[in-house]
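Just below sit the structures, each encoded as structure tokens.
Each of the next two complexes has chain A plus one other chain: chain B in the first, chain C in the second.
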Partner chain A sequence: LSLRAVNSSRSAFASFLFAPLFFQRYEAGDTQPDRELFRCKVLMKSFLGIFRSLPSLEKTVGKCLILLKPQASRLVVQLHCKYGECRWGHGCGDTRWHRASSPAELVPSLPGVTKTHNLAFQECERLQAVFDTQRCASSLCAPARVLAEAVVHFPPTLAEVTLGAGPGGKISLRNYVEDEAERSKTMVTELCLAEDEFQTVAVAPGSHITFCLKEFRGLLTFAEASNLPLTIHYDMPGRPVIFTLDDAVLEVHLVLATLSDMESNLQPPTTNGVSHLPAPSDDFTDDLESYMIAMETSAYEEGSGVPPSPTFPLRTPCPAESDPEEEEEEEEEGAVPGTPPHKKFRSLFFGSVLTPGGPGLAPTQEVLAEDSDGEY
Partner chain B sequence: MPLSAQPPASGQSYVLAASLDNARHLSSLLRAVHFQDHATCFATANGLRVTVEDAKCIQANAFIQAEIFQEFAVQEESVTFRINLSVLLDCLTIFGTSSLPGTSTALRMCYCGYGYPLMLFLEEGGVVTVCKINTQEPDELLDFDFCSTKVVNKIILQSEGLREAFAELDMTSEVLQITMSPDKPYFRLSTFGNAGSAHLDYPRDSDLMEAFHCNQTQTNRYKISLLKPSTKALALSCKVSIRTDAQGFLSLQYMIRNEDGQICFVEYYCCPDEDITEAEL
Partner chain C sequence: MRFRAKIVDLACLNHFSRVINTIAKLAKTCTLRLTDSKLYFILSDKVANGGVSMWCELCQGNFFDEFQMEGVAAEHNEIYLELVPENLSRALKTAQSAKAVKIKLTNKHCPCLRVAVELPSLSSSSRIVTHDIPVGVIPRRLWNDFREPSVPDFDVSIYLPVLKTMKSVVERMKNLSNSVVIEANLSGEMNLKIETDLVSVTTHFKDLGNPPWASEDGCQSSAQGRDLESMAEARIDIKKLQQLLARQQVNPTKALCNIVSKRIVHFVLLHEDVSLQYFIPALA
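Our next item is the complex of A and B:
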């Protein structure tokens, strides 16, 4: 089961992939080999509403059934609440003598109740951010707890944080301050972690990356709760940072857009870490058109000449090779609604990943069309 | 402070005089039916009944029996008047709504009869407030003609089982559909909102189910906006009885235990929604 989400400014993408073994029971349903896998999207608000309060869910719900009913266009989520108290005051309905297996079992508030939610879904194209952890120059792996404890020092409202590989193998986290003028007035917090706190460190010296902390916190909470080590893959500023959690039955990816460096913007756009495209064939153009890419430009680009940060020497971005099958990129200027105007975030590259030899997709930019669906 | 020592104005006698040591016993119950500004008060020797109606489809009654009051005297067979419930509640809670243990507002309520205002004497910590609220001609009230002999299905549930359900009702749904049946799903609450439908099923053998007497499978829809105010009564209550008759009229009766452990009742009656379309199961 794959669950994916992207934010409205297309600067964050998350994917959770659950292996069948994650579940108590998993029935993939009737899949014919020549048919595409079934994909649909549901309103996040409605879906989250079902799992409203996690502590009370844990106390009340025994199991959850997720069922897809394509004919009725409904995604069914059914919560089965634990049964009433047994004689011994446990929430299990068992009449034999036994001990409660966990404190959560003790006080069910809705014994035996079944909550069924039939959510309307829309069929959709595959939502896939184009990224490749193999092509990231740097990676770090640490227990989630280490990162959670580090991140707690930053104010909850902090938008961006810079992760850097400093001298002496120190990994630092520092809040990102936008304006030069603000820098002298804002409190700067910098936290350094020793290399040995990480399980693996394979970073390019002096490298750094700035990303949105808020989005990252969400994943961190999950990682801590599931007790999984978190791996961070990053490359040059401007290229997405990829956070992954891996487990036998669960694979999680969080891809965030990062701030590109000032310097790199002074160079001609084509060498901005973006590949040169080989002359596209006609088919390619169609494919490219179905990609949805947006890039936010900002005032800095006019060469206001902000001096490089003294702590982190900037890497000169080198033109990346383009591998047409993997990462087709196209630059498009355009304002992305919802993105703060002064950020230089490069958005992620999205698109429908076409199965080779599969039918050509209509250049409908399915994903873009979502935005006009309304409120959310 | 003995408020009952207050003498009536010369030449007038009260048709209704009541004293209550803790005004909260009255105000909390009135809040449970406060979904409209106006209410009709009906007093007999048995006690006080406050009725609120809306859209000619829903009626809520709060019953405070005479035994709850320290003094309750009605000089006529029955006394009826219409009053602004919002104002009445504001007066009853004039010393504040927070319930600090040990402090309570004492109330004396007096009414001279038709045309006279309702007088309230409220005292807390030595401070006395006198309120005079104008009364009006009582309205004609709906008669749902709901009596136990006409009940088709009846369920008594522990309120805590319904509280979460009512608090989380999908308000984008126009209706709340209630299914009661001797067979599965036994008791089901359904909403049909923007995101899709949601069903809450209570099994008959659930611990929450105190009594289950369903003879016939009935599915009825009620306007959710009309029923939503009943959540207040549900929040105060410990048990709720849900009954429907052959026409699909709904009766919700809430048993409320006040701070002193005394029992009071609030009931809601609701008409089924007229345009009934195929229920989505």
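Our next item is the complex of A and C:
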């Protein structure tokens, strides 16, 4: 089972891959060998609404059943409740006076009651970010707790943070301040972690990478809760940073676009033996631009050619998803607008990609995947 | 001009953090004055502050294990810095379990107060978090702007009621009105009054006691010879009063206010090692 999401500015992509063993029971349904894997997208808000209050869910729900009804275009989520606790019949476990915070809670959780949610889904194209952890020059692995303790020193509203490999094997995290004018007014916080706080350290000395902290925090919360070590793969500034969590039955990837160095020259990515070899383009030699993650759809898989651009990671086979039982049944969250990225950050990754003289989407706009439908 | 200081004791650090948190809520930007024995957080009564001014004084020996400073010149052994106290508050926020906190005045790209927090870690070396807080150095010719305010010639001086009670009263009143009238007399009675088109609310406090101010040169202050029952009053911005009361996490040793009728209310909160004076002008 694969769950994926991308943010509206296409600068962050997350993928959760569950092996069948993760579940108590897993039935793939019939799939003919030549039939395409089923993919759909569901409105994030509706889906999240079902799982709204985790503490009360843990108390009241015994089993959760997820099933797909393709004929009815419905994704069904059934919560089998053990017992209800909220005296106002909300089924949320909160004994203080309150109102229901989501429609899901209006149905009381009485013993033996099953709450069924029917979510409309839409079939959609494959959502896949192109990334390759093997091609990253640097990687670090640390227990989630260490990284969570590091990140707590930064204000919750901070947009970007720079991770760096400093002298003496120290790994540093520093808040990123955008321009010179801000620097004389903004407090700069830097945290140094010793090499031995990490499980593995394989970093290029002096390397650094700047990415959005807010999106990383989300993954960190999950990693801490599941007590999994977190691996960070990064390469040169501008190339995406990849965070992974690995478990016997779960594989998680978070891919974030990074700020490209103003001082560094634009390096065309080296070829890696893939059939598509883009011709270098002059459109993106602006050093100030940041890279967006290349998205591809099945339309491009036929070899219509990756638009010429040296700035995007080339299509490579994804080595990370090697689970043989993957993707028998997929659900996808499309580009549904969730929390929009911080305004400043957004302009970094969107506006600056426009070619000069064109306010709208230029032909060489680097979103390789069109939204299969408009935004909700 | 040099400044370095270090706090090692956790209790001192917590206490210092609480003081900074209070200052941060009262002033967006303020002046930090350093002498070899004291720290002062000063807000002078500019129009931008709504006429409010603040004077907070700490004895460095009660907080710091090490404290060294060298002022601008030998005969003016002081440093005046302009800073945003919220930054300092944030820097100290996650230092609650620190092994040591060092503060140093540096000048890399611009003058900064560098707060270095040494945190315990499971590895062989400690974790160090540094916060570079940009500061402005205030030149000596402007130091006169930051002199200690004198105690006004008040009409009534009275001890405040228990701050927690006063705070909850003011917080509820804040929902109903933008201004509140503080009135008090020399018989230990104080009233907080709000009045709107729809409602008027008065909270009465009694038996508060009046501090015995010894007049410095023996002459009569306007408080003496005053009718004990007669109320001195001032109408002030309720939000400013609420801000002052909101952050009092530790009950002060002494809390009092001096009212100059229709002019200004001078609040004095004294803790063991910190004194805070806050002036709220009366509204027209």
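FYI, the second predicted complex is superposed on the first by the 235 of 376 C-alpha atoms of A that agree within 3 Å, B and C clash if a C-alpha of one lies under 4 Å from a C-alpha of the other, contacts with A are read in each partner's own complex, and residues count from 1 in each chain.
Basically, a contact is a pair of C-beta atoms (placed from the backbone, for glycine too) under 8 Å apart; a residue touches a chain by one contact, two chains touch by 3 or more.
If you're wondering where the values come from, they're calculated on a predicted model, not measured in any experiment.
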*What's your read, chain B or chain C touching more residues of chain A?*
B
*Regarding the shared-chain residue A:L250, is it in contact with chain B (first), chain C (second), both, or neither?*
neither
_After the superposition on A, what does A:S184 contact: first (chain B), second (chain C), both or neither?_
second
*Could you look at A:C192 and tell me whether it touches chain B, chain C, both or neither (first, second, both, neither)?*
second
*Based on the superposed arrangement, let me know which partner A:R74 touches: chain B (first), chain C (second), both, or neither?*
first
_Which of chain B and chain C A:H153 touches, first, second, both or neither_ = second
_In the overlaid three-chain picture, which partner chain does A:L119 touch, first (chain B) or second (chain C), both, or neither?_
first
*Thinking of the overlay built on chain A, is A:S46 touched by chain B (first), by chain C (second), by both, or by neither?*
first
*For chain A, which residues belong to both interfaces, chain B and chain C?*
none
*How about chain C: which of its residues touch chain A in the complex?*
87, 90-91, 94, 109-110, 121-125, 127-134
*Touching chain B in the complex: which residues of chain A?*
42-43, 45-46, 49, 52, 56, 74-75, 83-85, 109-120
_chain A residues touching chain C - in the complex, by the definition given at the top_ = 149-150, 152-153, 155, 183-194, 196-197
*Residue ranges of chain B touching chain A (in the complex, touch as defined)*: 160-161, 164, 168, 185, 194-203, 205-208, 280
